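In what follows, structures are represented as structure tokens.
Each of the next two complexes has subunit A plus one more chain, namely subunit B in the first and subunit C in the second.
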Partner chain A sequence: MTAQSQFSGGFQNAPVQAAHAFRAAMTVMARPGEIRTLAGGEAPQPLSVAAGTLLLTLCDPDTKVHLAGAANTEAVREWLSFHTGAQLSAASEADFAVGTWSELGPLGAYRIGTSEYPDRSATLIVECDVLQQAGAQLRGPGIKDTAHLSLPDIPALQANAALYPLGCDFFFTCGDQVAALPRSTQISAEA
Partner chain B sequence: MNEYNFAYLDEQTKRMIRRAILKGLAVPGYQVPFASREMPMPYGWGTGGVQVSAATLTPDDTFKVIDQGADDTTNAVSIRKFFENTAGVETTEETEKATVIQTRHRIPEAKLREDQIIVYQVPIPEPLRFLEPRETETRKMHSLEEYGLMHVKLYEDISQHGAISTAYAYPVMVSDRYVMDPSPIPKFDNPKLEMDAIQLFGAGREQRIYAVPPHTKVVSLDFEDYPFEATKADHPCDLCGAEDSYLDEVIMDDAGNRMFVCSDTDYCRSRREAGHKGRLAEENAA
Partner chain C sequence: MAEHTNISTAARQNWMGLLARAPEGDLMALWARYEAQPGFEWLRNPEVGGVMVRGRTGGTGAPFNLGEMTVTRCSLVLEDGTVGHSYVQGRSKSKAEAAALIDALMQTSAAEAVRDQVIAPLKEQMLTEKTDRAAKAAATKVEFFTMVRGED
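Let's look at the complex of A and B:
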């Protein structure tokens, strides 16, 4: 069945599905705390629908992808390589990284950009068990007053935000749901 | 038109632009370099905006294009037709009905909503470029947040003219970090840069994309004793009587007669349809 999962699970109508997927991804990145449905692609286990769709939408031979922990299986590697042509890489060189929070490991391993090119930083796709508008309080660009989002590790993400304008950006995925946290967001633990 | 991929650009180009847009949104006001493509229109006609729109549009969108506020000028009409043909999207002239608005040098008068996206065409994205021609230097100035030169420029305006004479492309500070060129919109539009919609900026020739997420703090640079002022011609619109909209001055004849009309044609039309009348409305209708 390896062959089947390698060739299946891509977009049926790439231009249109990728356009819808990008709009969902852009909306959540522009509005931290919002949760949107993101579907269309289906990567092999253990990747979620949302994570697989993000990879199909954003990755290609120009991007390096780090598969962390359980995501780094033969099936996922073959699927990613067949559908996107993305190169696999270590965390330190990755443009995108996928995995659960604990598998992705310390954020210090990822690129945070340079002061002259802060865009040259990694985007982490964090697989979550739950994704809801509750928990940490968010403020900053894209947020009217405040927003709330369940975050895996508030101190680590606060430290990332403190690097602004450097730092990593995050998508949080759970099933076919996606939310995002750019480095510009100020995070405080819910009082 | 089936000869083209949806929205003209190939998928790999769109992915590259989409990645740049996401980084732009994550660092508001920072200019993300991107590999701008040649488009079937000349530089200066909105190639940057068109590429950003192409990467953003879905088939469900309703697309509006304005050029200096007008829906019916050559640039606006041709870009609208371009996406009608290559993306098959609905188009409209009504700001209310649009989900994606591409604009050259204006922000519509109607307040934009949460579910709308505005794409600006940008000629020179670097606000410091006319003060410092070297990209290596301006990049360093942004990285060090060294914007003294811009304040000196505004100060020199005051010392020479008695006021800040910059009337368009008025520099803004985005989210307390990056000084940004809001594209050559009149400074009348600057206060609208803090809006509910997503703002994307595309500069095709200069190969830069930048963005301002909704509800982001955008402050026009000024001095305590010379505060920023959003100015417009001190007239009501001669067609619809609006006193709150940005006006274009139109020379009527060789005798020096002139009229002022809303630059936002959709705003002016909807007001006239609602029965508002300006000084020359009757004459114009006849």
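Let's look at the complex of A and C:
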């Protein structure tokens, strides 16, 4: 039986699946450059499995979510509010933002935190066409020597890292794969 | 996907409220007798939680927190795509499931049958219980009156 509705695609076994998803999200954020599988939730198109699962895991009625560009559809809005109760907001107030790199737009639109509260910043979930351990070279906390990750826009991310301890954090999703880039990671272009 | 927009919010509130307040035993007995039990898939598995019940004294009083009560909620989808939700008092997951199924069926062509076999008898039982209890309480009411007013 495949009864479908606009609300289908939530966790079937929320406590276990959410814990696995959170563990994967935490691991990739702690080890920039590492790619993990993240599945369990299925958001409506055009969101990927990994992005949908991240939203189910991280969002609740206290978080504000910005849906950028093509992700901002009626189906996605209904699905998100049914499963998480998260409020939708503009980019400038969002705790989380979802979309492709070009749809998310310039990083200046998002919160970077304040000196007293650097945690009051946005986390961007960037939908990518490819995600592989190649391209930009990463150094910093959580990386033994160097790591590599395909990043959408190296200069913009370097500028974000330069704001440290302020700045945004990033998840990169592609299908059911996820990787992350915290603001503490130093990025260099040569591969 | 089945779309049902011709059901008024008030009517749906009416039956969902009835299902939320219904005693589990009565509801389950009536629901077990309903023959065309539909197939469904979970959208949100039954989960138990608490809600804050708020009250207001008079029309102008500020709202205050009366207390917490335990509720069970779930959501499901029938094979034809109709979505049913339920929020019921108590921690019975089977009651929440029955209530969500009834909510979904009430939006389909099976509404009349469900109304006749479940909703209407349930309403009647709850009303009877309420009037019985009120009558019992009324019988114990003591009317005070003054036999002789003190002479001045």
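By our rule, the second predicted complex is superposed on the first by the 185 of 191 C-alpha atoms of A that agree within 3 Å, B and C clash if a C-alpha of one lies under 4 Å from a C-alpha of the other, contacts with A are read in each partner's own complex, and residues count from 1 in each chain.
Basically, a residue touches a chain if its C-beta (ideal position, glycine included) is under 8 Å from a C-beta of that chain, and two chains touch if they have at least 3 such contacts.
What you see is a predicted model, and the numbers here were worked out from it, not measured in a lab.
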{"item": "Partner chain(s) touched by A:P165 [first = subunit B, second = subunit C, both, neither]", "value": "first"}
{"item": "Touched partner set for A:P155, first subunit B, second subunit C, both or neither", "value": "neither"}
{"item": "Partner contacting more residues of subunit A (subunit B vs subunit C)", "value": "B"}
{"item": "Which superposed partner A:P182 touches (first subunit B, second subunit C, both, neither)", "value": "first"}
{"item": "Partner chain(s) touched by A:H20 [first = subunit B, second = subunit C, both, neither]", "value": "first"}
{"item": "Which superposed partner A:P106 touches (first subunit B, second subunit C, both, neither)", "value": "neither"}
{"item": "Subunit C-contacting residues of subunit A that also contact subunit B", "value": "14"}
{"item": "Subunit A-touching residues of subunit B, taken from the complex the two chains share", "value": "5-7, 11-12, 14-16, 18-28, 30, 32-33, 55-60, 139-140, 142-144, 175, 177-178, 196, 198, 211-217"}
{"item": "List of subunit A residues in touch with subunit C within their complex", "value": "1, 3-8, 10, 12-14, 82-83"}
{"item": "Residues of subunit A defined as touching subunit B within the complex", "value": "14-16, 18-20, 22-23, 25-27, 29-31, 57-63, 95, 114-119, 121, 123, 140-144, 164-165, 169, 182-184"}
{"item": "Footprint of subunit A on subunit C - complex, ascending", "value": "1, 39-45, 47, 75, 77-81, 83"}
